[in-house]
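In the two complexes that follow, chain A is the common piece, with chain B as its partner first and chain C second.
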Partner chain A sequence: MLETIAFYSMAAVAVAGALLVVTLRNTVHSALALGLSLAGVAGVFACLSADFLFAAQLLIYVGGIAILIVFVVMLLGRTTDLHNRQVNELWGAALLVCAITGAGLWRLTSFFGAGTGDTPHAAQTRAIGLLMLGEYAVPFELISLVLLAALLGAVFFSRKEI
Partner chain B sequence: MSAAEKPAYPQPVLNRKAGGRLLTDTRYWPTELWKSPWSLPRYRAGALWLAGIIIGLLAIGAGVGELARWGEKLLALLNRSGLPPAAVAWAWVLIKLGCVIGVIVANGLWAVWWERKISAHIQSRVGPMYAGGFHGWAQTLLDTVKLLLKEDVTPAAADQVMHTLAPVVAIAPCVMAFAPVLFGTELAAAKLDVGVLYIFAFAGISVIGVVMAGWASGNKYSLLGGLRAAAQIVSYELPRGFSVVPVLMFAGSLDLAVIDAAQAGYWFGFLPRWFVFYPVVGQLAFLFFLIASVAETNRTPFDIPEAESELVAGFHTEFSGMKWSLFFLMEYGYVLLSSFLLAVFFLGGGAAPLPWLVGIPSWIWMTGKAMLMMFVFLWFRWTFPRLRVDQLMDFNWKFLLPWSFANIAFAGILLFLMQRGWGLR
Partner chain C sequence: MTTIGLSHYLVLGAVLFLIGLFGALTRRNIIGILMSIELMFNAANINLAAFNHHLHPGGVAGMTTALFVITVAAAEVVVGLALVLAIYRNSATAYVEDFHLLKG
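Coming up: the complex of A and B.
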């Protein structure tokens, strides 16, 4: 019961944060709402007993990416960013896309998931670590290679010509 | 001191009486006490005071430690009281939360006083002397009352809602990060399998509050302070996290209780198996973690976000009263958190430093080590000059981060050797 309440309130935080991101006029407020939404997703992970994902989500998305986005918005922001609307009049098309995506996700989740709050709480960090460096070592290393390439690319494109 | 030695300068006028006499009649300006600090009577009195303070602190600590033992009984009592299990769970969480918040707030009072005393002694002053009687112990209590009574100013150019929300966003993750912190062996509010990651995750969120404060103040200095804070904290989080990886490799877990337990025992019967004593790797990791922690708490030599000679007071320039003090509560909360983490990760946590001291309870060792580390934090702040912004970033990205990566490799080599039986194990 308590788990269900926690799960749905966290899901509500995530959704409300996401809605605020697109509806607020002030880009700084939007960036902070994005952080709230990501924290809500972390809360959903916690309610589903995914400890490691919860901590990693907070550490990387809320503590890293959201802050970087806020940083960029503050550094590059113009005065018009503070009161311009960020949405146009195409509500119908947006609703259609959302409905189709939602229906697809619903089909997917109803195929895999049986419900919420029925995952027993157990320590899985060790198992995740063993899998990442054992069975899934190659994909893991490939992802790190992609990230390294992105990193080098960012340095390459942002450097000043000497 | 006889009347003949009385100094020529005017005595301070204290608005207070003691036994019918004005205190100014019997007391000297406190710096007089330091005229000859090494005179034997003075020395004896100081030693006695010190012994008294230590015994008093131990007595208070013993009370707290014994109270902690009653926790299980309290939980059993709650379970037998006929309340629904959900209510018991909530009540239990609230009790533990109250204890942790109590620690953080009391630490704020204690650390500010201690910092003022340490800074004063480093600069050949005496610091707070009058409030409360003994060495100005009540100074921070009275300061808190003052802060509560102060006007809460919100600038006209500020974003009202975010200006109010910023201190809350800064302090809330600090409180939450204390959940898995060990105050002694097995003495923590929550036992988490991902404890270390959890602490780092929440400690990283506070900077959003700092950035919000900087932006919402509607002040260029504040904004610069907030931006600097964001850049600095996001950068120093990396070496801070990576410097702990060797510890995690040695202990084989992210759980603080397991890390604590992995350091029990002694080499050759006297050298404790603390991670700081692991050759080269331990000392490097300790140093990196200490430096990165000082940077994370925005303290000198890394106080770029609030550099008062450049930015007035950085991100909290436009804050006053209790909102302002919440930022300082956060800073001292993170100093305490880092001290406890240093104690758990590197200094053996609740383990005794010598085999014949095992009888002393673990929370005394834990708190003692944390306080020692806290002293190092305060000491750093008053002895080092501030780094420039570019020096700060260079130091992090070109020295700290590569060497903390290298340290992980060293830790791998050491683990390999130890498993082959070539090492100390």
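Coming up: the complex of A and C.
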């Protein structure tokens, strides 16, 4: 019962935040709604008893990416943007694409029933650490290379004289 | 009230993905498009964690993959926002239909 309430409330927060992200006219409000939606997704991870993923989502997405986007939104843009249309004129076609994709996803979803139902809740941080330094050691090192490249790229592109 | 199963999480992931897809197709502001892409990443992460929890209980491979997705998304948004700033400095606009430097 508690799990049902937790899932539906967190899912409502995530979906409502996502709807606000794509519909709000003010980009600053949009970025703040993105933070709300990401926090809702973190709650969904908690419902799945993914404790480490929950913490990583809060730290990286809500604390890092959403704040970074808010910063950049405030760096650029003018006050006249608030009176401009923020959605292009092809929203009908986009709605059609979404409907077709949604129908396909619905058919895929109906393959999987209710799942296994109750599964034991166990702490996973230790297992994730062992997996990352054991079986997944090569992807783990490669992802650090990707992060280094992203760091250098961000510094390179945000220089003054490019 | 039924118990929450795998299909609930899959439907939630599909809904979030579709909202993100709609935003990426229709927003005029390039930062709005970046935010919509983040929503789609999150939908994929929900699916990964849900499959891990329901189809492979006790394992952590799906959650580790979701962590990798989060890392790549962070790298993507950092480089993307730096590019947005560089473009804005040159062309003074954030709307994607005004990005026609290569059109001639």
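Quick notes on this structure:
We take it that the second predicted complex is superposed on the first by the 137 of 162 C-alpha atoms of A that agree within 3 Å, B and C clash if a C-alpha of one lies under 4 Å from a C-alpha of the other, contacts with A are read in each partner's own complex, and residues count from 1 in each chain.
The rule is simple: a residue touches a chain if its C-beta (ideal position, glycine included) is under 8 Å from a C-beta of that chain, and two chains touch if they have at least 3 such contacts.
All figures in this text were calculated on a predicted structure; none of them were measured in a lab.
Under the clash rule set out above, the superposition-derived model of chain A with chain B and chain C shows the two partners fitting side by side. Applying the stated contact rule after C-alpha superposition, one finds that A:Met1 touches each of chain B and chain C. Put chain B and chain C next to each other and count what each touches on chain A; the higher total goes to C.
Once the two complexes are laid over each other on the shared chain, residue contacts for A:Val13 go to neither chain B nor chain C.
Look at A:Val22: by the touch rule set out above, it reaches chain C but stays clear of chain B.
Of the two partner chains placed by the overlay, only chain B lies in contact with A:Ala123; chain C stays clear of it. Of the two partner chains placed by superposition, only chain C is touched by A:Val44; chain B is not.
Applying the stated contact rule after C-alpha superposition, one finds that A:Phe52 touches each of chain B and chain C.
By the touch criterion stated above, A:Gly64 is placed in contact with chain B and with chain C alike. When the two complexes are overlaid on their common chain A, residue A:Leu75 makes contact with chain B and with chain C alike. Following the chain A superposition, chain B and chain C show a smallest Cα-Cα distance of 13 angstrom. When the two complexes are superposed on chain A, the residues of chain A that touch both chain B and chain C are 1, 52, 56, 64, 68, 75, 124. Contact residues on chain A toward chain C in their complex (touch as defined above): 1, 3-4, 7, 11, 14-15, 18-19, 21-22, 27, 30-31, 34, 37-38, 41, 44-45, 47-50, 52-53, 56-57, 60-61, 64-65, 68-69, 72-73, 75-77, 81, 84-88, 90-91, 93-95, 97-98, 101-102, 105-106, 108-110, 112-120, 122, 124, 127-128, 131-132, 136, 139, 143, 146-147, 149-151, 153-158, 162. Interface of chain C with chain A (complex): residues 1-12, 14-23, 25-29, 31-32, 34-36, 38-39, 42, 45-46, 49-50, 52-55, 57-58, 60-61, 63-64, 66-68, 70-79, 81-86, 88-89, 94, 97.
The part of chain B that touches chain A in the complex is made up of residues 86, 89, 162, 192-194, 197-198, 200-202, 204-205, 207-208, 211-212, 215, 223, 226-227, 230-231, 233-234, 237, 253-255. The part of chain A that touches chain B in the complex is made up of residues 1-2, 28-29, 32, 35, 39, 51-52, 54-56, 58-59, 62-64, 66-68, 70-71, 74-75, 123-126.
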